[in-house]
């Protein structure tokens, strides 16, 4: 039962990933694409957490934590690039 | 002296707490967490500027829970907005006059706004007297301004006593 | 300490290199230079000690972390690696002294990068683990990228772009090859791989063949085998003199690896994998030599000429690799040592020439006379004799040994012509170059650039080494034979089986 | 299945749906500013639900209370507004136009220059993106 | 599953190789990055695929092969160092050579010339 | 043993002139002469023994592997040549003392000359094939040095190079021949080899050996068609010409043929090739000599002609011919050396060598003239002089051969023609220089040379006469001994008399003298005839040839190497593809027997996402920021894949590296063009690249699939079994990294550290120009540090650091470790740089990143070296469990110290790279005044 639910939810998240990827592809603006990427990071957190639940292990938990951190860093750097060109100044 | 050895005690306590979250609640980790937290605080102390302190922790907690609840509610609202046809959308840009002062409280306010129903903080004006907010579905401008000021800005002012 | 000798050639340059990033050693000054010189001398002493040890008491094995092979990383000092260690140390000492004359101050981190580069080279020669070989390849490559741009300038940057990108592609191929090999052998220790090789069959055999052949490309790229040689002329001629001199051994790392891997693992006793690379190396080696000859004839500057002579030496060595007999390997080893020293010498000379000829640099045009033409010319002359393969320098010994070996192997018919013609081409071009650079002078006041005593010292190290290679040619050639025999015999790790496991 | 597992399953499905709705919003909503609302709220909350489900299951499986998930949520809730803020800033900076009919869309130039609403904006007309 | 994995690796490798054959530094570096993804996955695959078998003792019944994982870790780090170097080298090359072509020469097909000419002018001005 | 000293003394003698340089010119000359004189004395002491057929030998091991040992022997032939080398050498030393001017470096000259003497002695005394070759090449080198002695002169440089090239090429051929001989006979010892002619003749290598051998001999002895270098070698100072290019070096080829006569001769191939070459050389040389206006040119061609004569004799193959050849070697050396010296005196005292200017010198230098004329007469083959005797013998032998079958009579006829020509040019030398009216426009007024400059000429001319008149007495024994050494058998009967009676050879001589005189008298017609032909300048042709070779080589080289990375990369990939796929062609089935994991929808989604984002990265590669976004997705999916396939450590590492890489790319994008043209190459090239990319991808994919579906027996069981007990950790991957294969990790962090240093170098002294607006022309935002970003980033820092500490500490047992923790710390700090800027950070975190790298490396090494003090190998780890009341059991391991080193290095390197680039741009921007 739980396994089925998990797979179903994973498929939902997977679909979400695909939809976000679609936004990434069609844009139309760069910021749209950055936004899409940022959302994909978050979707991946969901996937990883589901994976951890599925395997009944806490091993993947750091990966989720890291994606949360790194997604933020990457998004802010990308936006900073659009704003200023130079991300470290 | 103690200030120099243990800067940012509140931070240290919070970090220790997080450490215990991350590991487990045992004496060993408490000791280790404290050591690490104090070390980290020593390291980052020169990087942290002075901010208004939380004066009313209880109110802060209340505020926090309220925001959580709002987040939950707002999501249903946004979900409905998303699922209904685009033509029914009335997005808008709002300039929110600020009474709140201080960078940190303002940051909390902006974050709250972004997390709660149909609003996203876009930017402050240079003088930090205005916060621009993008609203997904706006009935009237005043409505938005009033509800934000009442629901979030006022409690924050109390919390930070400014 | 004696028992730890096999890791010292790696650790010494590493520690010293790291020290050179910390005050008071982190400035280009006498302190840093002395430190570098000390490290070089120490390495030389250690490698000679190792050589003597190994020659008298046989191959040394050193299990890093005391994990019994094939599980841990094993350092192997046999005669082959020992002599290459000595060669590297000699080269390092020479380059270090030469550069300490002031060239190391033309940019930052010259001395530490030199140390790290040497660490990588020595590591590649020492390791008995194929993935560890990859790691040391990368160490020596990344250090060489840094050294290549030392001093700055458009030419260096342009050369570096090609050099770096090609080598990155090479590293990727290396990893693919390692993936295939681990995926079929299930082990990384080279001796263990040699043990497993005959047992591989079926689909795994096919895969292993692919992996083994891919390694030929990887090592071929390092050794500048045709058609992978394009990075060489540009890279070597753009590099600062001491760096180019040090690079003289870089191509040899590729040759060494071919020996280690394609004789040691995929050698005659590897069952379905036996000698599989030779049919590929044969034609490529031959073409490398021929193209090398053509490039030598087309050289427009002394540094180009030197770089192309490196290619000639690589072609000759690859032919020895392809011949794959014990005598050919032994001849190749002698020639390898000789050609490394000789090309290094000519690169150093080119550096002096460039310094002294003003704007004309080392181009083959008439220019004002060099202030120290006679002395530099003498060194050039010696280097030229060595490179051409004329007595009394060691080149002729190497060449004659290689000719003998190929004659014995029945391959003289097509190896001798390019081998001999390469000497002739070198003779024509070196005499042309020498007479133009040193004799065809225009009127005018010679410049004032002086050769620094340390530069002479660096050159002297190489001269002495070349001389020793002639005087000690008997010992050296016999040693090469023993080293080749070691290589063919393989490494016996069973001696460690009892003692070292935790 | 225990109650906790039922709760967890419910939260999982809810979270999955929120995540998906966020994505639908990303595709469906008309301009970048409206699209900003989708991930900052729906997706973040979706993850929150899934994380809580994970905590529940942890307890249900008798492995004790796992609060690690809280740290992730904390991170997300702190950073999501900042990401949205940066993306909005960047969009305005690049003069990404707002949906036609957005109320007060003329304020965009003020925001771009970080001026108060009544201050005049610097008059420079540059090409906007798309 | 194995097929999907191999398919992905093949695509990454092919795309990487295609980009590495381009004439400007940036796509070449992109290609190198893609290729190193492919290579890392490939090296990882040499230990075969396994799910729910992370090599943390006590967490599973059977473990995946830990050795290739360690090798890939090393490869990732080295790849990172190399990528960093080559990116900076690309900047240096554009500054020194005035364009971003891998050969340092304008090719007739690129219309980046104008951009680069402006860039060279900027450099000159900056130097002044 | 004596033979050893004969060689060693001159070797020591090389230093003498250099040491005596300061003592004056005469002292220098005397010092130089000491060693050869002593050697000569020792040589003379051997005379009786040698004449009695004894061989003095010496041997010492040198390079046994190569077959090269120091093996010397002194037999008749060696004795003869050594005598010539030392004797004439001494005379040349004396002569050169007066010949060289003040500007010339006398010590250098003498040193070169002694080097040459050593080389020649080495050749003739060799009893080892390789050693012989060793000295053979040494003569080429020393000759190069001597010809180019006046290196400021173009003709000297070019002449020297030409001589070196031709003789060098010959030397290489000779080496090949000698190695083959050694291979066939199994020994390199000359006296052993010489007895194995049947073995050599019977082997299949014989033709190759003969051709290569003769190439060596002919080039050295200036045989047609390789003769052209010799006249140009006359750019050398005259003592050199006298010594090398008449008396000794050019005779080395003759010596060689004589030496190997018993081994290689006695076949038709030898007879035909050698005799015809000799004949051709004889005629070409003599004919050309006639037309040379340069005194030394005439002598040079005459030398060529006489060398041809000797070669012809050796080619005839008969024993008596060989004896005649040896005899003529002696005679030619004597008269030609004296002639060169005379020519040198004339040049020295009159300032020119042009015979059109030199006339009637007899008046000015009667003694020299007389001496020269006697020598010239000997060259012409006038009776009572030594030249006559050997020429007579030659004529006799030409009658005695059947080389050309029915046409064999051509040979004596042509020999007579050669003789006539030689009379003609000798006459010209005598008449045109010493008589024939008055000199025309000489730079100096000629007079007799200094007394001692003439002594060598006198000695030699006296020898001409002595040998000519008392041949048996003077050279009979010598000739005997030398000839027996050549033939290696008992000599046939032969007599050296002035008078053999009226016979055909005498008649031939008479004809030659008569015709030769007529030719000289009627020379105007001949000169006129010759004048119709353009003079062939060998130097021009040779240089032209060399230059054409260089041009062709350059063309090929340019065609091969277009300095195009794309092409180099293409070839690299092509070769890799070919070599990898070749074995695959014979693979039966790609799929193996290993059970596969069933797939599911999510995996399919992710695979699709990976493929799409990969294609997008390529598709957008010219829209760079977009490509970067697509690349991020690729990285994300790859990380998820690692996580899914049980590699959490890899997922963590990949993620963190990915982000740092994106940051780097972003920094780079600021300085690189934002866009590039969509089509950067021709369509054909793109199709080609797509083709190779597709093939490469499918091959890699195929191998990957084949590998994945086959079972593997690996060593990993050991790691799983020993990780906890041996390494003290449950995260096996981490234990491998810090323990089992810690050495790899040490190398890996070194790479990272070095990369940071290299990048630092790359950024040094660079002037970056920053765009003031983005690619769409929108100027950058004025706000450098958005307030919300700054604030939140700052408050997240302690949390991020705590997380990194968490990941570091648990790495040994759970996913994580020093590397990932280091990257997280670095990223957290970089985020501060992004949010607050460089200045802000510099004030608050003044850390020396290089120092951090260095200390990280040192800590890692020290953790490894530490085990030495406990008697263990490098990197042997240690761990133990401890118990503290109130806290409980905890583990301490040396691997954690190692990991700390990793951690610090990673932080240092990452920050050195990123922060440094950032710092640079900022300072630039401020300087540019754009803020």
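As written, the chain order gives the labels A, B, C, D, E and F, with residue 1 at the start of each chain.
By definition in this document, contacts are C-beta pairs under 8 Å (C-beta built on N, C-alpha and C of every residue); 3 or more make two chains touch, one makes a residue touch a chain.
The structure displayed is predicted, hence computed values, not measured ones.
Visitor: Just to be sure I understand the contacts, which chains border both chain C and chain A?
Guide: E, F
Visitor: So if I look at the partners of chain C and the partners of chain D, which chains show up in both lists?
Guide: The shared contacts of chain C and chain D, listed by label, come to F.
Visitor: Which chain wins if you rank chains by how close their C-alpha centre is to the centre of all protein C-alpha atoms?
Guide: Per-chain C-alpha centroids compared to the overall one single out C.
Visitor: Taking each chain's centre as the mean of its Cα atoms, which chain lies farthest from chain F?
Guide: Between chain F and the rest, the longest centre separation is with B.
Visitor: I'd like to verify one number: the distance from the centre of chain A to the centre of chain D, where each centre is the average of its C-alpha atoms, in whole angstrom.
Guide: Inter-chain centre distance comes to 12 Å.
Visitor: What whole-number Å value describes the gap between the mean CA coordinates of chain A and chain F?
Guide: Averaging C-alpha atoms per chain gives centres 61 Å apart.
Visitor: Calculate how many whole Å lie between the centre of chain B and the centre of chain D, each centre taken as the average of the chain's C-alpha atoms.
Guide: Comparing mean C-alpha positions, chain D is 15 Å from chain B.
Visitor: Suppose each chain is reduced to the average of its Cα coordinates; what separation in Å results between chain D and chain F?
Guide: About 70 Å separates the centre of chain D from that of chain F.
Visitor: Could you check chain F for residues that touch two or more other chains and list them?
Guide: Within chain F, residues 563, 565, 569, 573, 644, 648, 667, 669, 700, 703, 707, 712, 714-716, 719, 740-741, 744, 748, 751, 754-755, 758, 762, 770-771, 774, 781, 783, 786, 788-789, 792-793, 796, 799, 803, 814-815, 917 contact more than one other chain.
Visitor: At least two other chains touched by the same residue of chain B: list those residues.
Guide: Expected reply: 18, 22, 110-111, 121, 123-124.
Visitor: Residues touching two or more other chains, restricted to chain D: which are they?
Guide: 22, 24, 36, 38, 44, 68, 71, 75, 78-79, 81-82, 85-86, 89, 93-94, 114, 129
Visitor: So which chains actually touch one another? I want all the pairs, not just one.
Guide: A-D, A-E, A-F, B-D, B-F, C-E, C-F, D-F, E-F
Visitor: In the complex formed with chain C, which residues of chain E make contact?
Guide: Touching chain C: residues 16, 20, 25, 28, 32, 35-36, 38-40, 42-43, 45-48, 67-68, 71, 74-75, 78-79, 81-82, 85-86, 89-90, 92-93, 96-97, 102-104 of chain E.
Visitor: Where on chain A does chain D make contact in their complex?
Guide: By the definition above, chain A touches chain D via 1-2, 5-6, 8-10, 12-13, 15-20, 22-23, 27-32, 34-36, 38-39, 42-43, 45-46, 49-50, 52-53, 56, 58, 61, 64-65, 68-69, 71-72, 75-76, 79-80, 82-83.
Visitor: Going by the contact rule at the top, pick out the chain A residues touching chain F in the complex.
Guide: Counting only chain A, the residues touching chain F are 7, 10-11, 13-15, 17-18, 21, 24-25, 30, 33-34, 37, 40-41, 44, 47-48, 51, 59-60, 62-63, 65-67, 69-70, 73-74, 76-78, 80-89.
Visitor: Would you tell me which residues of chain F are touching chain E in their complex?
Guide: Touch list, chain F to chain E: 563-566, 569-570, 573, 594, 596-599, 603-604, 607, 610-611, 614-615, 617-618, 621-622, 624, 627, 631, 634-635, 638, 641-642, 644-650, 653-654, 657, 660-661, 664-665, 667-669, 671-673, 676-677, 679-682, 689-690, 692-694, 696-698, 700-705, 707-709, 711-712, 714-716, 719-720, 723-724, 730-733, 736-737, 740-741, 744-745, 748-749, 751-752, 754-756, 758-759, 762-763, 766-771, 813-815, 819, 909, 913, 917, 924, 927-928.
Visitor: Of all residues in chain F, which touch chain C in the complex?
Guide: Within the complex, chain F touches chain C at residues 61-68, 130, 133-135, 137-138, 140-141, 144, 148, 151-152, 154, 157, 160-161, 164-165, 168-169, 171-173, 175-176, 179-180, 182-183, 546, 549-550, 553-554, 556-558, 560-561, 563, 565, 567-569, 571-573, 575-576, 579-584, 586-589, 592, 700, 703, 706-707, 710, 712-716, 718-719, 722, 726, 739-744, 746-748, 750-751, 753-755, 757-758, 760-762, 764-765, 850-851, 853-855, 857-858, 861, 865, 868, 872-877.
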